[in-house]
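Presented below are the structures under discussion, each in the form of structure tokens.
In the two complexes below, chain A is the common chain; its partner is chain B in one and chain C in the other.
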Partner chain A sequence: MFARLTQGQLPMARRRREQLLFLMDNGIYVVTVVLFIVFVILAPYFFTPRNLVNILISASLAGIVTAGYTVAILAGQIDTSTQGVLAVATVTTALLFEEVGVSLPLTVAFALLAGIAAGLFNGLIVVNGKIVAFVATLATQGVMLAIALFLSGGQTITIAREGLQEAVFIRVFGIPSSVWIMFFCYIVGYVMLTQTKLGAHIYATGADYRAALLSGVPVDRVIRIALVISALTAALTAVLVTARAKQSAMFGLAIAGSVDFVTALTAVLLGGFSLFGGVGRIERNLVAVLFLTILGNGLQLMDVPTGIILIVRGFALVLAVILSVLRARMT
Partner chain B sequence: MASEDVILETIDLDKSFGAVHAVRTVSWKVYEGRVNALVGDNGAGKSTLIKLISGALQPNSGGFRVRGQETRIGGPAGAFGLGIAAVYQNLALVENRDVVMNMFLGSELTRGPGQIFLDHKGMLRQAHEVLDDIHARIPNVREMVRNLSGGQRQAVAVGRALIRGGEIIIMDEPTAALGVEQTQEVLQLIDTLRGQGKTIILISHNIQQVFEIADYISVMFHGELIGTRSRDEATEAEVVAMIMGKRSP
Partner chain C sequence: MASGSPNQRAGLQTAGSDSRNRRKRIIQFLLDNGLFIAFVLELILFAAAAPDLFVRARTLEAILRLSGPAGIVLASYTITLISGQIDLSTAQVGGMASLMFAAVFQLLEWPLGVALALTVLLTIAVGLLSSYLIKQGIPSFVSTLAVGVVCGGIGFLIINLTNQPGMIRLVRPPLRDIANFEIIGVPFVIPLMFVAYAIGWVVLNQTRFGAHIYAMGGNPAAAALNGINAIRIARIVLVTNAVITGMAGILIAGRQLAAQPGVEGLGQSLTAALFAGVALSGGSGKIERTLIGLLFLSTLTIGLGILNVAAPVRQLIFGSAFVFAILLDSIRQQLESR
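Up next, the complex of A and B:
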């Protein structure tokens, strides 16, 4: 009377699509290795221990902020307030450590608390105000930048007191602690996203808010948590950036390394994430961050003018956006 | 009809939205282990009645009797607690997640300290069991839902209802968007569920299909329940006449 449920090999077209998606998603591994080899051959001093450690330090700063940013993106929240959080946290760090003279652990704790507060503030506007994250965080970023400007009196705060940089960049097995912190962030992120209920809910909320809601996922809480994680990693990065530069970073623009919203966004998109949430694997972002850092570092060593490097990075973002949109159309 | 067990009964259920009287003192009996079809024209009140039963809406007056016990259905969670699970028309599946994660979305199996870790193995095993039980042919439960056919999706959504302990499964126009072959898959799925003693509430526009699969056919018209017929004693012409508001004696 009834046909059996169709035995299901994927139809040819679907299988092709899945293969192409696999390529788009994992191409970043190949591209990064190729780029690395190219610079080993072409760029002087690229393949030296000193430079490799430099690359890792730069990558760690961009990497940590990107890890949290990734979580927000996965939950479907484009968090544009990164710069604002960086600004508040860097000023908090510099003020407390240099001018107030607070101990190092307390300074770090307060900087991270500032990040959590910023994330909660974002969550309040997004969830309670029912405003799209992209717009809401653009607005909150303005508030945060203003707070940072007010706190610092519009001045860059230089840190003369010893102990911050030394402690934060202490070397463990020859590798600066910021690199270890980055790996730690990615391991925690990986476990959370793939092995916990919260991770499953983050993916589901980002992929389909309504379906998640109907299935009983506490979507609002998930969004709040994702925004706090994003702000928290930005604050952590701010501490490291401040320690590295021995001064507060005006307007959150990082002096050392390229830690900003655009880098994080480029890395996230190059890593195969959808701008619309719910798709992507955090470990690929780590590779995408390394790719961007190697690109900048190698070109610099080849004496390519900074302007050109910025243009190249700009094109990387354009390419990443195109890839992301293509991907979204295919799924 | 008298020998049949009633598993769920609505008692003078009434629901208005402002001036619109969507459900008018409906007392409906749903028979255990049977396919109970609910038919009626657009706007007849089928969807509202179903939402009241699945806890998505609260009635203005009236109540429920489930397995002989008078009760109220406080919300979707309350409905789940009573073994009532709705399979929504759009299925509420997440396209970019795999079959297992969709089946357990919102009711994930967990382990470890504080139950924060997912029990991937347990979910995989249970997903296989449930899908095997309903004879769903989904070759790879790690497949993304976006790659499934309409019939397979329906199976995943029903699997989710079963995992949540669904004994009374509400299916809202399950074949509305499907082709001929997939429609047959879904009808077979309904037949399988009935074979396992599940109670099905089926909303459908398709009279032919209703006659093919349902045991009881209830008709709504302008918010009222105007009659229930067993399939064997009804004719299509009679049911169509009832849908258009003609009460038969």
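Up next, the complex of A and C:
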């Protein structure tokens, strides 16, 4: 079903084609800036320091998880287990910090380790079980949710102990650290994808699995690494979400608001990625996440009903896909 | 494909290993029918664990009742998957349809027929929108996801516009009676589910359209070269799926006496179909298997409930059953292609 995307060529003069491509590739920057200006004019309280910081925090949570998700997509793996990893990591964080009383760095380390374990588990099923990532991760998500349920006993764990929220959202140059962490993730991602052999291997595996395999790319290892990265960023997001809410946010609702499958996917597509791997630039993704966050935030401040916000988001996704299809046809 | 192609069999026989051949065929048979075997084993296990509570008509009815509306959707969902399309909008379409119906029927107090007709029209429009996007070259995976988000939005919008607290209560008499309507002591949803599967089986196995669906899902390029109209099939399949999902949404809302955006039970269709070995990429899968898969999952739910198993354990059993099922299916496919 994935091959049906790239059929037909548009007859078009080469120069105009290049201009159009440039516009499509960088359109997201323009659109984001325009949207921002529109909300500055229309939405009350939008252009206040407090709200801008709010936008940045929301964007950082969605951004971190999307960064890892993008790496998986680039390797041709659609990872649907994000909610499961989030659940395991948020429960781990809350349990260790609150009930066991472990120190902060150790808590974070264990939460990230839980994420890595989840990613390895995904890799095991995908690579050794020879199962499409979409299906495999859908299945492993069930197991992860079960583990989170075991650990938490189905209860939301409230964190009364001081130190977690303060440490994670400490302000550096007036900007919460979660935003810095997001930038750090994107810089690491950018360097990894554009400057290292692993990055080239990830692109190659996503673009054409068989060709990569035949030319000696260790595809299985690449897929495993991509899935671990995806789970690791999800776990990192879980730590931040837990710290922000001061409780384990297990059953989707608290997390789903800022970080969900649809947002990640829309951001990926708006960033000019192909869903089938091998194409895309991670920095555009960051802008796409900002775009989506600004859109949601601005509409909310304008008192637009939830229904309409959802509809707008749906159409943003449609638009993103149409763009990505047009782009695939032209290249 | 119970036993490999004739060529394969001949090749193995010339190799002179008759017993190995037979063993391979036994393994193949076991893997092919693993779901049926697992279902029978499950029934035996539960019957042994709780003979007096599990083996009785009420438990059977509970299992079938649980399967009912989800099963009706799963029948058409299976066909959708086989045709190579995936529909990720099920939960939202069901919710939107039930809210639309509830707004017209309960709040405006229009007649039942009109409310049903309006809902059907709305769901047809949803199916047409999804297939239009697919026609534009957007894979169904994304187009239905987007349409699902929009439908969820419309559902919330209906709640906002009617000033209801998160849901619309559905208590107007005729619907309640219909949702709980019984034929010879059996809730009519149960026979309806079997009818839906029978129709689905006939369409897939006895008609040209069914052959086209398998061809479409198996190899779209070859199917298109043979003159099969891909868009037409996608449209028919997705519209049917949307309409049936909408109707099931109304049935569920009628039973719960309230319509809500997003119907939990309907979102599981994909899981159940994959569980029963329908390929995500289309072209393979058997509709009778998804029925068994659904019954297996419903029995598991009811059985574990009877045994009073704790929620985490239950979730773990479901999760590992799913992982196990797709692993077995992957082994089966590798053996088949060998």
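By our rule, the second predicted complex is superposed on the first by the 292 of 331 C-alpha atoms of A that agree within 3 Å, B and C clash if a C-alpha of one lies under 4 Å from a C-alpha of the other, contacts with A are read in each partner's own complex, and residues count from 1 in each chain.
What we mean here is this: a contact is a pair of C-beta atoms (placed from the backbone, for glycine too) under 8 Å apart; a residue touches a chain by one contact, two chains touch by 3 or more.
The shown structure was predicted, so the numbers you read here are calculated from the model rather than taken from an experiment.
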{"item": "Touching partner for A:Phe173 - first (chain B), second (chain C), both, neither", "value": "neither"}
{"item": "Larger contact residue set on chain A - chain B or chain C", "value": "C"}
{"item": "Which superposed partner A:Ile308 touches (first chain B, second chain C, both, neither)", "value": "second"}
{"item": "Which superposed partner A:Tyr45 touches (first chain B, second chain C, both, neither)", "value": "neither"}
{"item": "Footprint overlap on chain A, where chain B in one structure and chain C in the other make contact", "value": "1-5, 7"}
{"item": "Chain B contact footprint on chain A (complex, rising order)", "value": "1-10, 14, 18, 195-200, 203-204, 207-208, 210-212, 214-217, 274, 278-279, 331"}
{"item": "List of chain B residues in touch with chain A within their complex", "value": "76-77, 88, 90, 92-97, 101, 105-108, 110, 115-118, 120, 135-139, 143-144, 146-149, 151-152, 155, 160, 181-182, 184-185, 187-189, 191"}
{"item": "Contact footprint of chain C on chain A as seen in their complex", "value": "1-5, 7, 125, 129-132, 134-136, 138-147, 149-150, 153-154, 262, 265, 269, 275, 305-315, 317-318, 321-322, 325, 329"}
{"item": "Residue ranges of chain C touching chain A (in the complex, touch as defined)", "value": "84-86, 133, 136-143, 145-160, 220-221, 270-271, 274, 280-282, 311-313, 315-316, 318-320, 322-323, 325-327, 330, 334"}
